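Multiple structures follow.
Look at the two complexes coming up: chain A is in both, with chain B in one and chain C in the other.
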Partner chain A sequence: MKEFLIKIKFDKWKGWLYLSPAIVLLLVFTGWPIVNTLRMAFLEDYSSLGELSGTVYSFGIGNFSKVLQYKKFLDTLTNTMLLCVLTVPLSTLLALVIAVCLNAIKPLQKFLQTIFFLPYVTNSIAIGMVFAAMFNIIGVHNAAGPETVGIINNILGLFGVEPINWINAGSDYWANIAVLVVYIVWDALPFKILILLGGLQSVNKQYYEAAKIDSTSKLRVFTRITVPLLSPMLAYVVITGFIGGFKEYSSIVGIFGEGMGPAGADGRLNTMVGFIYDALAEQHHGRASAAALILFGIIFIVTMINLYVSKKKTHY
Partner chain B sequence: MNDNVNETITEETQATPETAATPETNQTQESVLIAGVMHEQDIQKVSAKQNVVKIISKVAVYAFLGFMALVVLFPFYWMLISSVKTLEEYNRQIPTLFPENIVWYNYVEAFKTANLGTLFGNTLYVGLVSTVLSLIITVLSAFAFARLEFKGRDALFGVLLATMMIPGELFTITNYQTVSIFGWLNTFTVLIVPFLVSVFYIYLLKQNFMQIPNELYLAAKIDGTTDIKYLWKVMIPLALPTIISITILKMMGAWNTYIWPRLVANDEAHRLITNGLRNAFTEASGDVNYPVQMAAVAIVSAPLFMVFLFLRKYIMKGVSRSGIKG
Partner chain C sequence: MKVELQNLTKIFPSRNKKSGEEVIAVNDFTFTIPDGKLVGLLGPSGCGKSTTLYMISGLQQPSSGRIFFGDEDVTDLSPENRGIGLVFQNYALYPHMTVKQNILFPLQNLKGKDKMTKQEMLDRALEAAKLVQIDELMDRKPSELSGGQQQRVAIARALVKMPRVLLLDEPLSNLDARLRLQTREEIRRIQKETGITTVFVTHDQEEAMSISDMIVVMKLGVVQQVGKPQEIYDDPTNLFVAKFLGTPPINVFRGKVVMDMLYIGEDPVMKIKGVEDKDVYVAVRPEGFELNPKGKFVCELSNVEVMGRDVSVVSRHEASINPVIRSIINADSGVDATATNVKFSLKPHKVFLFDTETEERIPFEVK
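Right after this comes the complex of A and B.
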């Protein structure tokens, strides 16, 4: 019995013992970065190379004001916002309609559900390259053969649309954005469908039966029963969609390569994450930290707004 | 869901769904009126009409889903058929939807161009080692949070959860400096160690561990069973589905990671598959050999699809709780 008591006493330390590997790693790779990012962001023009060679940096908010006046940063901010605003509503709406349709059928439901989940288990860089191939115009630089306009232009051609230069040199900014929107929505659908269908399947069937007896129209059932009951899941996919959207980077690398733009317009489609990495590569650690904190601030605010709105609108 | 209810509805109310399309304000009055004056024949007519509406809406739903499924599948299809076309056939002005003659040499070429063998080996190594180590740390931490009583436990857990909100890019800047100082650049260590702890996985497993009755643990304690033995014999088997989900997501992570490896280990010997793929086919100008590129993409995508086919349940379960890719 005495031995048992000693063991229980030892328990008080055992918890920390078991947690020690996790805590050590978290202190080094999560705790310190948080402190250090704040430090670097508020030291004027900080660079860690400079610090190692003995330069002393003064405290100030210069990194933030410089970043916010920097045209390159504002462009990446515009690109990121634009992609968010275009892709999140579109993918959420499409996912909602698909989930509702999937929920309404019995035969083939599992099969179709699996198909709709497929884009999730892909590599965004690899499939980005497939999208690039589909939108590409081949033979522009090649005098040897006739120009091939790419399968997407071929399909659009069936409807009488003239071939569009989507992603090649000299392409229009909005054509680039359109390709990115298509790809990002395609990539974002599986997760949203999974969550929304899961939500739909857990909705109490009684609401629908009541609506049926009251002969409520299908549209009204959708807007007055389905959407409100789904609102927690909708809020969830919208929040995660915005967070993912603000961190958009690898889909652009997948389609346009590391130039982050069509040939001859490098960096035109760069995003906030891309800006942070560029600043890091140029040894502007202070600037990169300030940009990362701004990104965090935006994500934080968007999450809070979403939570606030969904709390007001959530019918639970 | 509406249609199931339809079938159970009695004859009297059968007239009502017909008015479903009219504006909802007059709806109830109208339907009562209609039901009142309706004869037997009319009811039959209405129910026939209603069946037609039902069939049409079913067809519409299937048509929409089928169309969307085609849209979702098309990139995969295009990747596969392009990878077995000759360059001449791929470059034709009017593309073929099915290759005229199937060739396999693009795959051989892709393997050589992108040096896929080494890339596969590196990725598999990093994926396996980081999964095993990460699982050990996650299990121990989740056990401590779920079963052991100690001061500051809940506060610590709260702090850990709060860090999940911070975007990873914020850590990367400092971590890059840290690993440089450690002398880890261009090693496998740098690809494994910084990401061993995932607060989300600890959270997931802790929730699962908490569902296992505490009495089992106390009984084992009195029997003198060690914690490790108890974990191995009781907790891990009971939480196996969650552990499998974590394993798959972690492996997928190694397969798909791009930004960090490019930053810290982009040399030939340590390069991972995604970086290798992107690097091998980044041409500054001129025409790319797309069939070879598509073959490379297909090779890289294949393992993910295999895992998905066999372990779909675990992936979908893990994903629906995480919302994180990889």
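Right after this comes the complex of A and C.
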């Protein structure tokens, strides 16, 4: 009987025992940092170096008010929002069109699918460097060197467009943003195409046959059948797209380097995540934490809005 | 609208390119569906009945042969130009639309001179909904409906544009037994009320027999027999048709004809003429047995199942091809369930002879 009770006791804890490695790791590397971020954000002028040397910090919301008064922070906020608003709808729409087209063709479908997926498995810094090379404009400013204006300008030149200074010193802010949008959209496409194509392929073909028998036009099939049936995937893609967009950082590093802007305009294209990294590098742990919490708040609110809208529009 | 199928053939290319074997799903199907009739395509799975239906709908193109609606050759017309209504096996109702939107959908597609005003569409949709008795459910989504209700919505959607031909693919297979009985009456009623030429596909012979004006029995892409349900039941052309129709199924025995005497196993059961001496399959409908103390057909009695008006006598015989013999006997004839043997005489018009090789029917006369 005693053994039996011990066994029951053990059975009860067995599950926890098996979970413990994961739980311990999660607590150490995710749980504690979250708690600590909260703590650091609400300690005035907190710095971990200062704490190590024995400084005692008082509680307060000074970090938040400081961060929100920084022009630098507000600029990163604008950049991040701008990139989100421009890239998420564009990449979703493009991905939808490409997925529908891919789904419609039979030969080479798997091959094309693989090609479209390639950017996903490629390092984004490496892609960024390739994009930087494509948009480069070295030749124009260096009259002594060879007259290269970058492949993009060369292509535009075929249509009679004067070379544009996309990313180099003295380039326009909106030219920079345009390059970033192209890059981010291109980088975001594969995942979205994959999800949407998966959704399309799971749509029962009989809906299309039924629509065909009722002589439905192609456009109406797309807007009245395909898109509604795809709405759960679309919602997912938009929500993850916004979350990813708010965390944008590596794409700017990839194209403009750690200066986060063209030469002579360092930091002009910085994003919120970039701001957090910078604050950390400058030992302003409190401000970094506050900025991280603000970012979290924004993502949370936007996701809630997304979920609310998609609940109304989505058919599951 | 009369529907005429001429030498309709559908060949699917082989999936396995090496073996190169083609699949002949429908083979040389010629048949005319009379105007305003309900026709059941009946056969086991893989017999080509659905393929035939989809060829009539235009969703599949025949490899050869022609299809006529009335006098119009529609073989090369795409489905949307044929003016058909199709009810899919799983109904294919658009899940994100309400019942009303589903029924309105085909009408909203109409263009040119057929274009309707909103009010006309609503009236037509309501009319179709009333016909199938779902006008109370117009604002529900398909997921909020029972299987039977979904089925009705699908029929309403197919009927709303007043098709020339209504096609139903296994319309009852997704319903439970009680609903199936109810719905098949319903289909019959709707078909009678609208008078639309209707073709439906089923593997359930009872379903086909109960509501069809005509049945087409198919096997491996080849039409076996066409006719009114009772005719096919009473006069099957071959063993397959005889076995496929009827519940309980027909009893098949190894038998022979020797000097105008028909034997089942070694039991001489009936004097016949017009058949030369040879081995045959003897098939006897369950209702073809009569209890007779002097009967020559002696079986080992297994058990007696009481069904009220009738009893089902389950017995065994060494010559039987079915594991047991099922015979339906009037309950008044008094079966002794404790006896070891049961003796039968046979009703000649319920007995069919088939060739052992071709399995074709061998006609005979009773002496």
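Following the convention adopted for this analysis, the second predicted complex is superposed on the first by the 299 of 316 C-alpha atoms of A that agree within 3 Å, B and C clash if a C-alpha of one lies under 4 Å from a C-alpha of the other, contacts with A are read in each partner's own complex, and residues count from 1 in each chain.
To be clear about the criterion, contacts are C-beta pairs under 8 Å (C-beta built on N, C-alpha and C of every residue); 3 or more make two chains touch, one makes a residue touch a chain.
As the structure is a computational prediction, the values presented were derived from the model and not from experiment.
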Tell me which partner A:121 touches in the superposition: chain B (first), chain C (second), both or neither.
first
If you stack the two complexes on chain A, which partner ends up touching A:34: first (chain B), second (chain C), both, or neither?
first
Give the label of whichever partner, chain B or chain C, reaches more residues of chain A.
B
Identify the partner contact of A:104: answer first if only chain B is touched, second if only chain C is, both if each is, neither if none is.
first
With both complexes superposed on chain A, which partner does A:201 reach: first (chain B), second (chain C), both or neither?
neither
State whether A:229 touches chain B only (first), chain C only (second), both chains, or neither.
second
Now for A:249: first (chain B), second (chain C), both, or neither, which partner does it touch?
first
Which of chain B and chain C A:58 touches, first, second, both or neither
neither
In the overlaid three-chain picture, which partner chain does A:216 touch, first (chain B) or second (chain C), both, or neither?
both
Which positions of chain A sit in both the chain B and the chain C interface?
209, 212-217, 220
Which bits of chain B are touching chain A when the two form their complex?
1-3, 5-6, 9, 13, 16-17, 19-22, 24, 27-28, 31, 58, 61-62, 64-65, 68-69, 71-73, 75-76, 78-79, 82, 91-95, 136-138, 140-141, 143-145, 148-151, 153, 156, 160, 163, 165-178, 193-197, 199, 202, 221-222, 227, 252, 255-256, 258-259, 263, 274, 277-278, 281-282, 284-287, 290, 293-294, 297, 300-301, 304-305, 307-308, 312, 315-316, 319-320, 323, 325
Going by the contact rule at the top, pick out the chain C residues touching chain A in the complex.
57-59, 78-81, 84-86, 88, 90, 92, 94-96, 105-106, 108-110, 157, 161
Okay, in this complex, where on chain A does chain C touch?
204, 206-207, 209-217, 220, 224-225, 228-229, 231, 315
Within their complex, chain A touches chain B through residues 4, 7, 11-16, 18-19, 21-22, 25-26, 28-30, 32-34, 36-37, 40, 48, 94, 97-98, 101-105, 108, 112, 114-127, 129-131, 133-134, 136, 138-139, 141-142, 145-149, 151, 154, 186, 189, 191, 194-195, 198, 205, 208-209, 212-218, 220-221, 236, 240, 243-244, 246-247, 249-250, 253-254, 257-258, 263, 273, 276-277, 280, 285, 288-289, 292-293, 295-296, 299-300, 303
